[in-house]
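Here chain A shows up in two complexes: once beside chain B, once beside chain C.
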Partner chain A sequence: MSAILKMNAPTTTAAADPASAYVRIANLTKKFGDFVALDNVSLDIRRGEIFCLLGGSGSGKTTLLRTLAGFESPTAGTIHIEGADMSAIPPYERPVNMMFQSYALFPHMNVEKSEMLDIVKMGGFGARKPHQLSGGQRQRVALARALVKRPKLLLLDEPLAALDKKLREHTQFELINIQQRLGVTFIVVTHDQEEAMTLGQRLGVMNHGRIAQVGSPCDIYESPATRFVADFIGSVNMFEGRVSEAEPDGVRIECGELACALRVQRAVSCTRGATVWTAIRPEKINISRQPPAQAAGADNAVRGTVREIAYMGDLSIYLVQIESGKVMRVTLPNTTRGAERPIARQESVWLSWHGSSAVVLTE
Partner chain B sequence: MARLTQAAGRRLVAGVPILWLLLLFLIPFIIVFRISFSEVRLAIPPYTPLISWRHGAPSLELYGSAYSFLFTDPLYISSYLYSLKVAAVSTLCCLCIGYPMAYAIARSGAASRPVLLMLVVLPFWTSFLLRVYAWIGLLKNTGVINNALMYLGVIHHPVALLQTDFAVYIGIVYSYLPFMILPLYANLEKHDMALLEAAADLGARPLRAFLRITLPQSFAGILAGSLLVFIPAVGEYIIPTLLGRTDQLMIGRVLSDEFFENRDWPVASAVAILILLLLVMPIMLFQRLERRQLEAVK
Partner chain C sequence: MKSRGLFARLALVLGLVFLYVPILSMMVFSFNNSRLVTVWDAAHSPTLKWYAALLSNGQILGAAWLSIRIALISASGAVVLGTLAGMALARFGAFRGRLLLAGMTAAPIVMPEVITGLSLLLLFVATEQLIGWPKGVGAVTITLAHITFCMAYVTVVVQSRLAGFDESLEEAAMDLGARPLQVFLRITLPLILPAIGSGWLLAFTLSWDDLVITQFVAGPGSSTLPMVIFSKVRFGVTPDVNALATIMVLIVATGIAIATVWMRYQQRRRERDLQLAAAANLSEPLQS
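== the complex of A and B ==
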């Protein structure tokens, strides 16, 4: 029952409460010649939240941001901010500021003094010109400049993309901190899913100019709505199969790629005989030398041979070839320093997972 | 071995232009400089030698009379000032006409840009002299412009257009406009459009964004274009001779007259040296400003 609620929650709550829609994007379409950059996008952004638009290159996320800023005019559809139609409002009159991916700092101007510089911890740098700053400092100045007019809505285009990994992680938390102190609504465009999941209270995954799914990071990761989302966020083992039994609390799926039947203990709206895809995250799979409790021939357990092991430090990735020939990806955290007898390559192992760990996707 | 030939190659590449400048600029300059400190005489060559033998001893003969003459006869001072005025006004006109054109070309579509640039350069395909002559046909009392205005009834007597300052400005602006447009285009075309978006985002209307972002950033282009127009305009000879006033000469004409009509080589050389001094200073200023701009961009 809880699974049903969870799966429905992200798509309904935002639309059900119009008062919470601070930014309302309705049926927005943007075409560049024949290319459809935005395809009938509808999206509500709540006041004071950090909303991350996540997608690959060409997914339309940057076009959506630029349309919000007013740099692109939509081919069709509307944008309302606090109930005001933005269609005829030029960029210089919108209650919106943007932090550009390139930072777009004016090379011939000084940073200038501003209280915002203190907020981004750049207080003493007012006399500098952009070329006298490091990459991280430029990023801070760009953020301060975007905040200086105290916008209610701040658009951030890949704000951390130009920073190195360590600095990026540190800056992520700082961004959240600043956002909470100032109470600004953030819309962040990023191609980096980790960044999106750390920053965003809600994510919108975009694909081919459409919003594929909107939800909390947990919703998106644990309950992806489509194969694209499941595959795009994190890694996943995907099996095509046919529904053999549809029960109120779950389904049984026959799958040619697996030696076992799949039993998924989640409510799925599908009929017997329908073709579905089952997605299982690598970290939700157990790997063992001994047959699992459910034993051979049981559901959700399969034999295989370890083909590759990638030691990543905090976790290890195992590529296991199951009997059908398909290779499954399994990750295990390295909870102890040097296990006594670690699983080695070419070893024969059992893979098993809990019935509630898999997700059934119909599209 | 490879490094040796590479070093030799590098020296050769740098050496050719240096040799070129040495032979065709520095040596002629020294010769002109030296002639400017001699006196005119009826001989071949028509000036006093640098070293003369007097009582069996060599003596250096340097005269400042050519320079002092330039400052005593008001003709030269007024020609200098007139040339500077004509060049400055023409440069300003070129800037006012050329900047919007360069801006429009730089902001036009990628497909139409080469065509528009081609149109800017197209006049160079006809002889410069011919194009200036063509302006006589347009501007003279019985020319196209006067005839058209009289036919339309706007005027009843021909307006004197030729042999006026106006004609000189038209000639110079027309001839040198591409030299203003091309460096401005090269500059404006490189501008980062995100900066203008950022300006708009921060609340600047288009005019303010232009004045605070585009204009200051195109400063190097304005300077380059202005110098490319101003420097040749100061010494311009053909345009004022064909289109300009007869009662007020530009310095290029004065130089030519001294040389060919009066055969006064020392005075002609002194005029040339003073033009050069007048022009070298803005060039040096330009290079200093450009260096500062480059440092700022880095």
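== the complex of A and C ==
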């Protein structure tokens, strides 16, 4: 018996409502010689949103921004901004501005006065030259410069990468604030996933020149579409297995790497006998000394031994070796101070999770 | 330890002697009263009479003026052409004929001057027969020849400056709405100006003291200063040549000294600014 079930994961196709597509990137391919930097990318950006492009090094994020700004011409595919084809429009005529990763401030010019300096809180710095500014100040000036022409679309290539952690977190909220005040559409490239989740109303995850998934931060974290996305965003415990029962409201998966079977209470589009991967986030796993309610031998519960504990302040990470030898990662928030008898290394524990917490991935 | 210090000091002194004694002796003898260059006339020296003689020597003054004009024009012409060639080589990627252009611009640097001079002379003779220009050899052909070989040096200087140039500056300007010509005039040109300036100075000095190539393409009545000095020296060195050379050395040394002091001043100001900026970074109040 096989059942092809409707996937309830969010749609990842680019064919959204055309009226809401402010920037429409269609089948965009960019090759450098034989190397494919962008591989058939289709993406819609909505008016007034902050869209974050996220991906590993060399995944094509900068290339996509540069193609939008007009510095690279696409090998194939089109870009429309507000319905206008950008193919023949040179960079200096596009309604787009870019904030460069290196800031690209002109070393021989003064900052100069502009109302945008006030918006980035740099009002008094008009007479300075770039080398007379600190890193954080340069970042602000670069942002002000990119906003001076009041673009409708602003491209930001790793705008905060050069700032230290504290300043970066502060500046993230400032960026959101400025974006909302000016009503500009932002496309922000970053390879910091926390930053992407803080800034972005929607994220696009890139891998090898392709868009792997587009969705809200919650969609992408809770319902990753592929193994790459699940692994790239946050950390995850991944098990390969075979579907033994497929029913409308869930599946049962036999898994050699686990001592128990996996029961996933989510609608999944897969057939019996198919090879699938199950992803469980570390914070969705319970850890206890007593066997959980399901009891021994039931689904979604395994025994293991704590091998390593890392105290991170707000939470602790446990590395637990289960009976098959595989090590699982579990995180627990440290909600109470000095809990009476914390779980220690080498203790034998039970790990369990709810059937709705796991995600089944077919690719 | 001590012996090594001594050795280093000795090496320094010997090096300086080797480099500067010839120039110094020349300078000293320019104040010598005697007609004989190698005999120091202690009774009547020092004297400025050879400097005075220079000022009343029409041939030398004329040659110096011609050399200056040729050097000014050739340096300027070489800077224009060399900048264009340097831009093409550094910026236009792998266009057809790039290797050829690179080779051709570098050729005058590695080619023996005799060959460059001879081939230029043959070229001028041929074009005169074909199109009637340039009319004979003289100041015009000297200038053209100097532009040709000076351009090679300017190209190298400009090209290496552009190789270290952050191209995102140009893209940022374009992003802000500047057209390609504006980008060049307001961003690229000001930023490579120091390289162009040193290219110009280099070209000026090369043209100013070139002898070999010049002799091929010079004609009667177009003797440059190095040619006049060389022809005088062939009949024995006279003290007025010493005086002339001393003036030339002093002019060059002053130029170098000014350039060095200026560069050091810029460097120090830049370092101070960077330190101030770093200090501001540490104490930067985040809230406005």
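Here is the rule we use: the second predicted complex is superposed on the first by the 349 of 363 C-alpha atoms of A that agree within 3 Å, B and C clash if a C-alpha of one lies under 4 Å from a C-alpha of the other, contacts with A are read in each partner's own complex, and residues count from 1 in each chain.
Here, a contact is a pair of C-beta atoms (placed from the backbone, for glycine too) under 8 Å apart; a residue touches a chain by one contact, two chains touch by 3 or more.
This structure is a prediction, so every number in the text was calculated from the model and none was measured.
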*asked:* Clash or fit: chain B against chain C, after overlaying the two structures on chain A?
replied: clash
_Superposed model, chain A: greater residue contact from chain B or chain C_ = C
*Please indicate which partner A:T63 is in contact with in the superposed arrangement: first for chain B, second for chain C, both, or neither.*
neither
*In the superposed arrangement, which partner chain does A:Q179 touch: chain B (first), chain C (second), both, or neither?*
neither
*Partner chain(s) touched by A:T198 [first = chain B, second = chain C, both, neither]*: neither
*May I ask you to decide whether A:S316 touches chain B, chain C, both, or neither, giving the answer as first, second, both or neither?*
neither
_Per the contact definition in the header, classify A:K121: touching chain B only (first), chain C only (second), both, or neither._
second
*Given the touch rule stated above, what does A:G135 touch, chain B (first), chain C (second), both, or neither?*
second
*Intersection of the chain A residues that touch chain B with those that touch chain C*: 69, 71, 90-93, 96-98, 100, 102, 104, 106-108, 129, 131, 145-146, 148-149
_Residues of chain A that touch chain B when the two form their complex_ = 69-71, 90-93, 96-98, 100, 102, 104-108, 129, 131, 145-146, 148-149
*Quick one: which bits of chain B touch chain A in the complex? Just the residue numbers, please.*
192, 194-195, 197-205, 212-213, 216-217, 296-298
*Which chain A residues qualify as touching chain C in the complex?*
69, 71, 90-93, 96-98, 100-102, 104, 106-108, 121, 129, 131-137, 145-146, 148-149, 167, 170
*chain A partner contacts - residues on chain C that touch it in the complex*: 166, 168-169, 171-179, 187, 190-191, 270, 273-274, 276-278, 280-281, 284, 286, 288
